[in-house]
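In what comes next, subunit A is part of two complexes: it sits with subunit B in the first one and with subunit C in the second one.
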Partner chain A sequence: MPELTYREAVRDALRKALREDERVFLMGEDIAEMGGSMAVTQGLLEEFGPQRVRNTPISEMAIVGSGIGAAIQGMRPVVEIMYEDFLTLSMEQLVNQAAKHRTMSGGQVRVPLTVRTQGGAGWSPGAQHAQQLEAWFVHVPGLKVVFASTPEDVRGLLWSSIYDDNPVLFFEHRTLYPIKGEVPEELEPIPLGKARVHREGEDVTVVATGRLVHEALRAAEEAERDGVSVEVVDPRTLLPLDEETIIASVRKTTRCVTAHEAVTRGGFGAELAAVIQHGAFDWLDAPIERVGAKFAPLPFAPVMEQYVVPHAEDVYEAIRRTVARG
Partner chain B sequence: MAVEVRLPRLGQGMEAGTIVRWLKAKGDPVAKGEPLYELDTDKVTQEVEAEADGVLLEILVPEGEAAVGTTVAIIGEAGEDVSALLAAQTSVGDGAGPASTPRTEEPHGAEAERERGARVDEEPGAGARGGPELRPSVAPEARGSEPQRRTEPAAAAARRPGERVKASPLARRIARERGIDLAAIVGTGPEGRVIAEDVEQAAAESAWAPATPALAVPGGATEVEVVPLSSVRRTIARRLSEAWEAPVFQLTVSANASELVATRERMVALLREGEVRPTVSDVLTKLVAVALVRHPAVNAHFLDDAIHRYSTARVGLAVAAPTGLVVPVIWSAERRTVQEIAVARADLVERAREGKLQLVDLEGGTFTISNLGMYGIEQFTAVLNPPQVAILAVGAIEERPQVVGGELVVAPALTMTLTCDHRALDGSDGADFLRTVKEYVEAPALAL
Partner chain C sequence: MTTVEERTEPGGRPLSRDELRSFLREMLLIRRFEEKVEERFRAGELPGFLHVAIGQEAVATGVCAALAREDVIASTHRAHGHAIAKGTPVERLMAELYGKVEGCSRGYGGSMHLYDLEVGNLGANAVVAGGIPGIVGAALAFQMRGEARVAAAFFGDGATNTGTFHESLNLAQLWKLPAVFVLENNGWAESTPASQHLPLPVEKLGKRAAAYGMKLIEADGQDVEAVYLAALAAREHALSGKGPVLLHLRTYRLTGHYVGDPQVYRDKEELARERATRDPIELLKARLELPDDDWAALDAEVTAEVEAAVAFAKAGTDPKPEDALKYVYA
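Moving on to the complex of A and B:
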């Protein structure tokens, strides 16, 4: 199987969709000549021209709003919000417009819009350029929310997002762009709402998203040395959520840790914990542990940044707490 | 600030350990991470490291067996007064003192435990017990009687009659399903919470009659050698007795081993200097592993309410270690080359003989091979290794008369017997698997 970086995998899905389907086009700040601030769309302007790879003014409200309009008119737009922190500026369009049209029109209007965005700490970007805000959108009926952690997943899930008839918030993680991974020769769509079991285990399930999937896998190896067998599950789609796979896993292992880079309080792990305690109550042998960032704006100083966000060690310690005695 | 050194739980299922010897003496300075004492569990012996810096102020369990969580020593600053901590320890049934538990005919069961709890609470001095944080200190003699070991501290653990029991939802469900009274169980989870393993343990103990303590031998030591059970021996006894209750059947097959022997000889001929020589058993491990992946019904665990089938073969090899039988596990054996299996096996066997296996080496097996071929045993039946659903007993490869293509020839042959847990497997499942193994033995290339 060929290897792609996470960045190349996103680009590969975009390029294939642009080649095969005239309804697909891209919009965003500096995505054309510059190739996007994260270099994801590099080379696409040259291949597809300025009609289909469009730079926009610096107005997230306008980017998402015009994307909604185009989607309603039958296009399949993929718009980019440079940093997910800037989603705040497009909240009206996402929450009150994109998410509501389909149901409020009795199904007459569909909004097949994909909003790509990225975030994540680890490179000292400060408090306004690295947040993890995915949980906000899980609270909005009418949206779908995807957060992919591997090249294979990001490519297959982006494809399915473009071809979903609902607006999809598609989160990428800044520090995952350079990671490499095997992908199928031909792009294989990955259905939304299907979790991936990265590693099977017997004693504890770690449900992790984004960068923390990789941290969880490292923690699992460490725990294995202590004789604790860890299962690592990545939901991949936060909304809709593959409750079945997650609950089955926790019923098997009887213990659970949730892990994401976003702050713990009110994070997606809280939703997971609620779903799991309901679906696996009689199978739980320890309180569900949550791993996430400390409740603080992200500091610029690298040591402080590292202190605030979670790492493999935090997942490992949470695993240890779930199997603790006395 | 003095800290208590508590007997750690080194792996799933560990309930107690035996302190073999201390590597530090009372009064020695210790650093966090330094080896403190040697601990013998039912699976391995390993060094336990100090978890704090300071001076080893007291050793409470000089040697012998203690339950997980027992305070075995105290580390603190030089000259620190730890009398309060010590008092708390010794007030539990006289603490680690050997003569602490001379009871013989104690009533069992939750009812009696509660009664005793109430009675004990009325005794003068009960207030000095130190509250719910206190951990039971178990004297070696008390270990002879398992149910008492578990239930006695329940009374001492300051849980009053009618007091709410902290238990995990899973522990509650298991207790409900099996009709076990949670109040009679000592919780070993955080803050004394009863967790699933505690209930399982209590259930197993109520079903398992305790071993009779070594009797005084009338003839004296010259005639009868009394061998106290090591923790390994005790585990073997308990697990195999449990296994004996499973409804099992055996299937036996003989196979022409000419190709097996020849394949292994060709492998050895290709070796470079210094490489580990694969044995016939190593080739067999590989063949069986590949067969297991084709027959996941056999590559499974039988658990209380489900059969767990595995997609990868973790093959346990029964090894005779000086302390008794151990079964180290080769993971993903189907994906390894014979040479890789040989290297892994050589390492495991060597460490097994030296008593240096870690718990991780012994856990997770999905199937076991027991090979007595080197002793010249022609065929035998092995006892299940639960929760695995089958075990393969392999006899010696020897020249036997065989009929090949209508001709009587003499060729190497071996006989294998598969013991199957009938709760999980039917005769046809085992026969299917064994047929594949036979085909692979007669034509190893099919699996390599």
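Moving on to the complex of A and C:
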């Protein structure tokens, strides 16, 4: 199987869709000549031209809003919001328009829009370039929310997002762009709403997203050395959520840790914990542990940044706490 | 009515008496519809809350008449006239206001979310300026596919103070999109007069087009013929590849911001004066020198249509509560 970086995998899905489908086009700030601030769209302008790879003004509301309008007219736009922090400027169009057109119209309207964005800490960008805001959107009926953690997943899920008839918020993690992974020769679509079990285990389930999937896998190896067998599940799609796979896993292991880089309070882990306690109440042997960032805007100085965001050790400690309950 | 080809001849032309009479009929239909809606709302029959556009009918009728059926619009919270003028039957509109399955949004939308994709109404919007960016995107789709269609957004003077407005016009001009931005300037944003929300005189609001290098076309929004010809010219410009148009129409809201608004903020004399001198329906009626019996017949006709719409709506089907979840996802 060929190997791609996470960045190349995103680009590969975009390129294939642009090649095969006239309806697909890209819009965003600095995505053309520069190839995007994360170099994801590099080379696409050269292949597809400025009609289909469009630099936009710094107008997050208009980028998302015009994506919505084009999508309703039958196009399949993929718009890029440079940093997910800047999604805040397009909230109105995402939450009030994209998510609601279908219901408000009594089913007349479809909005097949994909909004790609990225974020994540670990490189001292400060408080306005590294937030993890995916949980905000899980609260909005009408949106779908995807957060992929591997090259294979990011490629297959982006494809499915482009071809979903609903608005999809597609989160990429900044620090994952350089990671390499095997991918199928031909792009294989990965259905939205299906979790991936990365590692099977018997004693504790860690449900992790984004960068924390990799941290959880490291923590699982560490725990293995202590004789604790850990299962790691990545939901990959936060909305809709594959509750079945997650609940089945926790019923098997009887303990659960949730892990994401976003702040713990009101984070996606809270939703997971609620789903799991309801679906696996009689099986649980310990309270569900939540791992996430401490409750502070991300500070700049590396020592403080590292203190705030969670790492493999935090997941490991949480695993230890759940098994300590006997 | 004339064909699109005839109507889009350069510069337009004065309208025939028959054409003007048909405009008058539609404006009167909108007026009677909204008066009925006010009445039924006060009687407690309509859920939610409502904004009527009494006094602004010439804008809806003139602009939509200049658009082709395959052109699309986005509307505002003051939406009934736009919806009727774009072609949604009044009974389906009324049924929507009653929250019935037969409504144009199947009871999911209400007065501020009137949709009718079949006639190119992409939806009314309860968020001020919320529909404008979508129109930019629709115009982009038309341009990319080489379709000779325009997308038009209605919005008020208040909406021109939002970032959404600015971002949308800027982008549309940058990409020379076939869009028409219909500024329905009634001089009020709820209770706030233009003098308190605009840093320039209300009649100069069209100047904002210059900031984007955008073509500006202006007309008296109370004169349906002027509106129509201006909208034709705007459509033609937008289709020519030269870029979008800001179509600035000065109009006046002859009722409160919402049905039931006590209007403590508005000078009663000003209102009386506007009512006496700038009612677009009275102006057109006078201009046509319509004989009394002709007027009475016209009125009886549209009033009957509105009554039939109420009967249709009342006899409509209530949605099943659990259908609330039916259209969350496609």
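We adopt the following convention: the second predicted complex is superposed on the first by the 324 of 326 C-alpha atoms of A that agree within 3 Å, B and C clash if a C-alpha of one lies under 4 Å from a C-alpha of the other, contacts with A are read in each partner's own complex, and residues count from 1 in each chain.
Criterion: a residue touches a chain if its C-beta (ideal position, glycine included) is under 8 Å from a C-beta of that chain, and two chains touch if they have at least 3 such contacts.
If you're wondering where the values come from, they're calculated on a predicted model, not measured in any experiment.
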| item | value |
| --- | --- |
| Combined model on subunit A where subunit B meets subunit C, clash or fit | fit |
| Subunit B versus subunit C as contact partner of A:96, first or second or both or neither | second |
| Subunit B versus subunit C as contact partner of A:227, first or second or both or neither | first |
| Contact breadth on subunit A, by residue count: subunit C or subunit B | C |
| Subunit A-centred angle between subunit C and subunit B, computed on Cα centres after superposition, in steps of 10 ° | 150 |
| Which of subunit B and subunit C A:73 touches, first, second, both or neither | second |
| First, second, both or neither for A:59, with subunit B first and subunit C second | second |
| Which of subunit B and subunit C A:105 touches, first, second, both or neither | second |
| Smallest separation of CA atoms, subunit C relative to subunit B, angstrom | 33 |
| Partner subunit A, residues of subunit B touching it in the complex | 6, 9-12, 68-69, 135, 168-173, 188-190, 192, 195-197, 358-360, 363-364 |
| Touching residues (chain side subunit C, partner subunit A) in the complex | 72, 103-109, 113, 115-117, 122-123, 125, 127, 130-142, 144, 151, 163-164, 167-168, 170-171, 174, 326-330 |
| Subunit B-facing residues of subunit A, complex | 202-203, 224-229, 254, 281-286, 321, 323-326 |
| Subunit C contact footprint on subunit A (complex, rising order) | 25, 51, 56-57, 59, 61-62, 64-75, 77, 92-93, 96-97, 101-112, 141-142, 144, 165-166 |
